[in-house]
Amino acid sequence: MTRLMQKRSRKTGLPPGTAVHIGEKRTERTRLQLLHYDAAQVTERELEGVEEGVNLRPGTGVTWVHVTGVHDVALLDRLGRGFGLHPLVLEDISNTDQRPKFEDYGDYIYVVLKMLHDGTQGQEIKTEQVSIIFGKDYVLSFEEAEPTVFDPVRERIRAGRARTRERGADYLAYSLLDAVVDNYFALLEQVGERMEELHGALLASPSPRMQQSLHQLRREMVLLRKSVWPLREVLGGLERGQSGLIGKETYIYLRDVYDHTVHVIDTIETFRDMIGGLMDIYLMSLSNRMNEIMKVLTIIATIFMPLTFIAGVYGMNFRHMPELGWEWGYPLVLLLMATAAGGMLLFFRRKKWI
Amino acid sequence: MTRLMQKRSRKTGLPPGTAVHIGEKRTERTRLQLLHYDAAQVTERELEGVEEGVNLRPGTGVTWVHVTGVHDVALLDRLGRGFGLHPLVLEDISNTDQRPKFEDYGDYIYVVLKMLHDGTQGQEIKTEQVSIIFGKDYVLSFEEAEPTVFDPVRERIRAGRARTRERGADYLAYSLLDAVVDNYFALLEQVGERMEELHGALLASPSPRMQQSLHQLRREMVLLRKSVWPLREVLGGLERGQSGLIGKETYIYLRDVYDHTVHVIDTIETFRDMIGGLMDIYLMSLSNRMNEIMKVLTIIATIFMPLTFIAGVYGMNFRHMPELGWEWGYPLVLLLMATAAGGMLLFFRRKKWI
Amino acid sequence: MTRLMQKRSRKTGLPPGTAVHIGEKRTERTRLQLLHYDAAQVTERELEGVEEGVNLRPGTGVTWVHVTGVHDVALLDRLGRGFGLHPLVLEDISNTDQRPKFEDYGDYIYVVLKMLHDGTQGQEIKTEQVSIIFGKDYVLSFEEAEPTVFDPVRERIRAGRARTRERGADYLAYSLLDAVVDNYFALLEQVGERMEELHGALLASPSPRMQQSLHQLRREMVLLRKSVWPLREVLGGLERGQSGLIGKETYIYLRDVYDHTVHVIDTIETFRDMIGGLMDIYLMSLSNRMNEIMKVLTIIATIFMPLTFIAGVYGMNFRHMPELGWEWGYPLVLLLMATAAGGMLLFFRRKKWI
Amino acid sequence: MTRLMQKRSRKTGLPPGTAVHIGEKRTERTRLQLLHYDAAQVTERELEGVEEGVNLRPGTGVTWVHVTGVHDVALLDRLGRGFGLHPLVLEDISNTDQRPKFEDYGDYIYVVLKMLHDGTQGQEIKTEQVSIIFGKDYVLSFEEAEPTVFDPVRERIRAGRARTRERGADYLAYSLLDAVVDNYFALLEQVGERMEELHGALLASPSPRMQQSLHQLRREMVLLRKSVWPLREVLGGLERGQSGLIGKETYIYLRDVYDHTVHVIDTIETFRDMIGGLMDIYLMSLSNRMNEIMKVLTIIATIFMPLTFIAGVYGMNFRHMPELGWEWGYPLVLLLMATAAGGMLLFFRRKKWI
Amino acid sequence: MTRLMQKRSRKTGLPPGTAVHIGEKRTERTRLQLLHYDAAQVTERELEGVEEGVNLRPGTGVTWVHVTGVHDVALLDRLGRGFGLHPLVLEDISNTDQRPKFEDYGDYIYVVLKMLHDGTQGQEIKTEQVSIIFGKDYVLSFEEAEPTVFDPVRERIRAGRARTRERGADYLAYSLLDAVVDNYFALLEQVGERMEELHGALLASPSPRMQQSLHQLRREMVLLRKSVWPLREVLGGLERGQSGLIGKETYIYLRDVYDHTVHVIDTIETFRDMIGGLMDIYLMSLSNRMNEIMKVLTIIATIFMPLTFIAGVYGMNFRHMPELGWEWGYPLVLLLMATAAGGMLLFFRRKKWI
């Protein structure tokens, strides 16, 4: 089951700005992918450590360092010193229970967001924390584990087709944000399909098993909401912000990804509404079913109780019961019973129970 | 069933600003209707392609290009280059899962909204995306399919009766917005009527079939809300905006259509409230019905169980049961039974069950 | 039943600013009452048409034209031209499905609000649209039908007792607004009384008929809310507004009527809360009643089923049943039955069911 | 029962600014208590009328006039003219259905709030309207009836211990506000205790009587909320306000009483939440109880119906029923019955019903 | 049970700014721990009284006075005079029913917050009030009782490892705030775990005992919310504030602890949502169970009632019942019974009840 919170209590009592890895360790090896590009050329390297980190910036063009795995705090520390990052930033990168936010540190901007993956096979949604830092001529990005959602961006830079090559670090940072947000749509599509299936199944014939699916859906929407909602402020803040690090043309692109985020949030809220509607269908079907069951019981009891009573009367052993001696007594009683039963059936038909 | 989301995941991994058609293809042929007018004259053409598109603007008067069908991205691309549109705009036009918004690009303003159609025969509401772009002397409008809601506007321009002929592109753009919003009222009227019918039917005699109609209504209101709500910001933004493209007189008209939108939203919220009320009626009627059923069962059981017991007693085969030999035993027991039954009936009458 | 929406679809496709009467026609004759006054004197006329309309303003003092009936669009048109009104204003006056709003057109201010009447006899609330336009030295007011809520204001002007005579058109407009809002309190008082009665009745003994009253109340509150809520913005806007048409002293009075409106809205929200509470009482009483019914059934069944079984055992026809031959068999079995029944009664008493 | 609204309709049709007493008349005599003080001395008088009212202000120090009873509009009128109050202020003082508000009239500030009393014996909350007006060197306060919550303030001024003596009218006005708000805490404590008691009782054994207490609590919270909520704006407005009548040091005190009000409102909201929780406990207990009742019924029926059937079979009068002649027939059938009953009991135990 | 409110009514009638201890007395002895430090050295003392309090500030470095126990108002008073605190501040320190807030008094800033402890063994959450005051070169902190959450901060200062030693009073104050907020995460982790356990248990087999746990959780979330929610404003206010007492670098740290608070609040809201979901699971399981019970009853009754009736018929004592004389009468009736029972079973199987 998706955890509601990471075990964050390990940090209690530590001084502020102490980087401690919070969360599950999702990869063994920490991997650093270095990409340097300008309009003319691209160079790529996979780094072993960050000793060389300090020499990472060649003067012209844009440097992109992508780190997979955030549990090696020593490595993060060296990287942080190489790029002059504030200790609070390093702390947040390795704390995967951070809520989405953006912070402007003047020389660089720090953005945290959540990737959403649906787990393999089973339909469990998982969140993964992504950190993006960008300055004048560099971008640092951090993911908890492979596979990375940033591969298409890297591919486009290599191929040289995309606008990215002609633009600065701000546009690269935007492209990464956009890649994360685009990914939400895919996830919501899947959730939407599961919801529609459940809807159909509920209308056909509700079962307690569906109740669990409903609850699972609802729970996931609560988690999704918690992950995505703050992104609205993040991207709204970036778009409205006055940072000198973001070029005027890039603001138009940030507005676009902001718009995507609002769309995602609207969809989540709509889904929540719909799940509420499905729960009402289920509850009403339970009530309808109960009515159905009680009707059967009442019809049976109402027909057979009087009949059994009549039979009981003529099963009494009084010596003086003249009807018992009548030749037509038995058929007459059977007729009486049939009449009583018929009357009840008419009564039920008039009540529209049958 | 109305889709909750379009298949948007096809875009995952593509560079930003890549126009890809998202949504159902609703028309085969893409159709371009060109209209050029000023106070004195009107010319109309139906274009084959957009090669000629670059020459579309004759210098004076207003040019209106209306495009039906948004899946031909190549055509959109040529048109976009002809009018100097940003790639993000072209991307949004062909993505029919775009939420309503407006964006000011300086030279032109881009507005997205949703048309609402109720499907033929069945009562399914469908949404269609409408894009409107207007600059100093031109308006571009995009719909997914025929029929178009803009025909009355075109008719008025041809006839020369309307204010439109004497005014600029901003007034034409307003007229298109107004045509879309006016259309919402027609739809809401129909929904309101269905709701009133259902209300009457529920008060007369609730049935499980109505539960489905209720749920259908509720679902539609959720979708309507999602489509119309953002329009408030859109038109509020346009009205408050400081764009040099919109004349002072036109602002008064934008205020009018903003006011219509707020009215539409108020009505949607009122409908949601009312549907909640109808659900409560239905639920209470289920409970009332259950009480009714249980009362019948309880009355029958409470009357006949004691009677059957008495009959059972005198059906026992003990050798020494003096009552059995009494001459008036049988009538006395019948009297006892009648008394017991009468007492029960009195009890129920006092409880107001019968 | 109060309509949720007026048939507004007739307007679809018409150019903006086309006055079309929307709503029920509530009076046959359109009536114009002209009142001209200053501190010294008052003149009154009842106009036949508006040909004379252009000459309506004598130079000094305040002119008040009150129109009853808004379906004669030709007349409205002439009046509008006489006072230089914008076509959108005329359109809104004759569209009785307009939501409350205020608009500042520079030379004049246009205010729309809703009068609330409770229908004769039955307890149906009806809304009527009131439009008020005021300029430097004139006030135009529009109602759908007689009787008018403005008669006391007219009376005060005639009598010359009131402040109105010494003040300008802004104060007259305020007086009209105040008359409408004061009227809401009377209506809310009636609703409050119906609610209290229902409350008492529900506590005494709930019945399905009350459920309908509850639903009716709830529905009315939804409609009231829709009619009154926007008034908050209207009067808040007027009060905060910077219009040169409103004198400084009159702002204090506008603040007062704004305060009344907020009070009305608070009361509506409180009533909604209370109705929710009444619904909960009703629902709980249904549940309590069900428990009551089921208890009766269970008690009866639990007492008589074992007894009937015992009787059944001694009604069996086995040849070898020694008890049947015992002299005290019958009384012993009766004792056994009494014991069993007594035991059950004790069990129920311990469960506090009886 | 606490009235939801005062009979305000008496005012319909009256000119604005007409003082009319709205509400219950809670005292016979109108009483005026005059207090004049500065750092050096205090003088007190009880006035008969307000003829002398015009001479009330001796030039130095602070004058406090406290009026008990607001139904004598003639007296209010004379007082108002003595201190130069606006007619709208006098109207609001005598209208006890006024919502809390503050208004800055330049020369003086007018504040309305609600005192909350719990009725004697029974637990009904009553509201009483308090008006406070303060200018440069005077404070007027109005209450509907004795006893007054302002006695401790008066006591402190007499005793000369408190800061009040050294400060101006603004500090006295603050002290009165503080006295009213402090009083809310006492009331909320009582409500909190009743709620805790009810909570305990509900957990022990829910009864329909508690349902009424719950409903009563809920209703009171709705009324409390309506009375206290607007106070937030009132005190927030005073604290933020820029009135020259309030000294800089007094603002710190106003911030304190604002903080108290927010606390009161938070507590009311928390109580509402808690009452919702208690309602859920009650509803769930009803459901649990129903399950309990139905289990008893089902267990009894399921055990005795098959047994009675078996007895019925051997009570049939067929001539050829070999079992009836067997010597061990009767004991065997009893054994069969015991086995059937035991099987049922096992079944219920496995279902954890017993 | 956690109290909803402290007994605050003791203060009614007292002059503003009177320090009175409100709340439980949680420690006997009031303890003062004095710490003086700069980058070079640290001195510590435990004070007996506050006579020496006036001499507490040696001129350079930072002075931290930590007070455990807030019920000794005389001591607070002397301390307050030593540091020049406003009487309203002293009043709030000893009133442990104060809601979280911050107030800027120019020379110093006063912050109130709530510590949350879970009680030993049982799972009751307790709140404790923490006050922090900081000026240019001193910090005063107040807790109700031992143990203190500030020990790790003290430890870090002693050890000299932390940034604290090189920074001013503002950074120390921040460190204390951070220590309190970090503590919330630990608590929420525990709540989250209890919730997950309950979730699992509810899915496995719901029981009335869980209903109480659910209610307990819900109640705790209401209290948590009330304690933590205002902290958002507090820290947001501090971060946005323009106080000269807070250095530019410290603002970055305040932003961090603000971010933590928002995260805590998001988590509380998510938990509330989840608890709502758990309640729905429980309610649905009650309904499912009821259906289950009623099904058993209906199946038994529907099978045995007709059978018993048939047996009753052939138990009648009519002289002329030809079937009774048939040789195969008894087996034929048994066959008839078996057929009827089988038919019922088929009916139930088709209804999917068995």
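For reference, chains read A, B, C, D and E in written order, and residue numbers begin at 1 within each chain.
Here is the rule we use: contacts are C-beta pairs under 8 Å (C-beta built on N, C-alpha and C of every residue); 3 or more make two chains touch, one makes a residue touch a chain.
Here's who's who by UniProt: A, B, C, D, E = Magnesium transport protein CorA.
Predicted, not measured: the structure shown is a model, and the values here were computed from it.
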Proportion of interface numbers common to chain C and chain D (over half same, under half different): different
Whole-Å gap between the CA centroids of chain A and chain B: 26
Where chain A and chain C are represented by their mean Cα positions, the distance between them in whole Å: 41
Sequence positions of chain C contacting 2 or more other chains: 287, 290, 294, 297, 301, 305, 308, 312, 315-317, 321
Overall pattern in which the protein chains touch one another (line/ring/star/complete/other): ring
Interface residues, chain B side, partner chain A - complex: 1, 3-5, 7-9, 11-17, 86, 88, 97-99, 101, 103, 105, 208, 211-212, 215, 218-219, 222-223, 225-226, 230, 279, 282-283, 286-287, 289-290, 293-294, 296-297, 300-301, 304-305, 307-308, 311-312, 314-317, 321, 323-330, 333-334
Interface residues, chain D side, partner chain E - complex: 152, 156, 161-164, 174-175, 178-179, 182-183, 185-186, 188-189, 192, 195-196, 199, 203, 252-253, 255-257, 259, 262-263, 266-267, 270-271, 273-274, 277, 280-281, 284, 287-288, 290-291, 294-295, 297-298, 301-302, 305-306, 308-309, 312-313, 315-321, 353
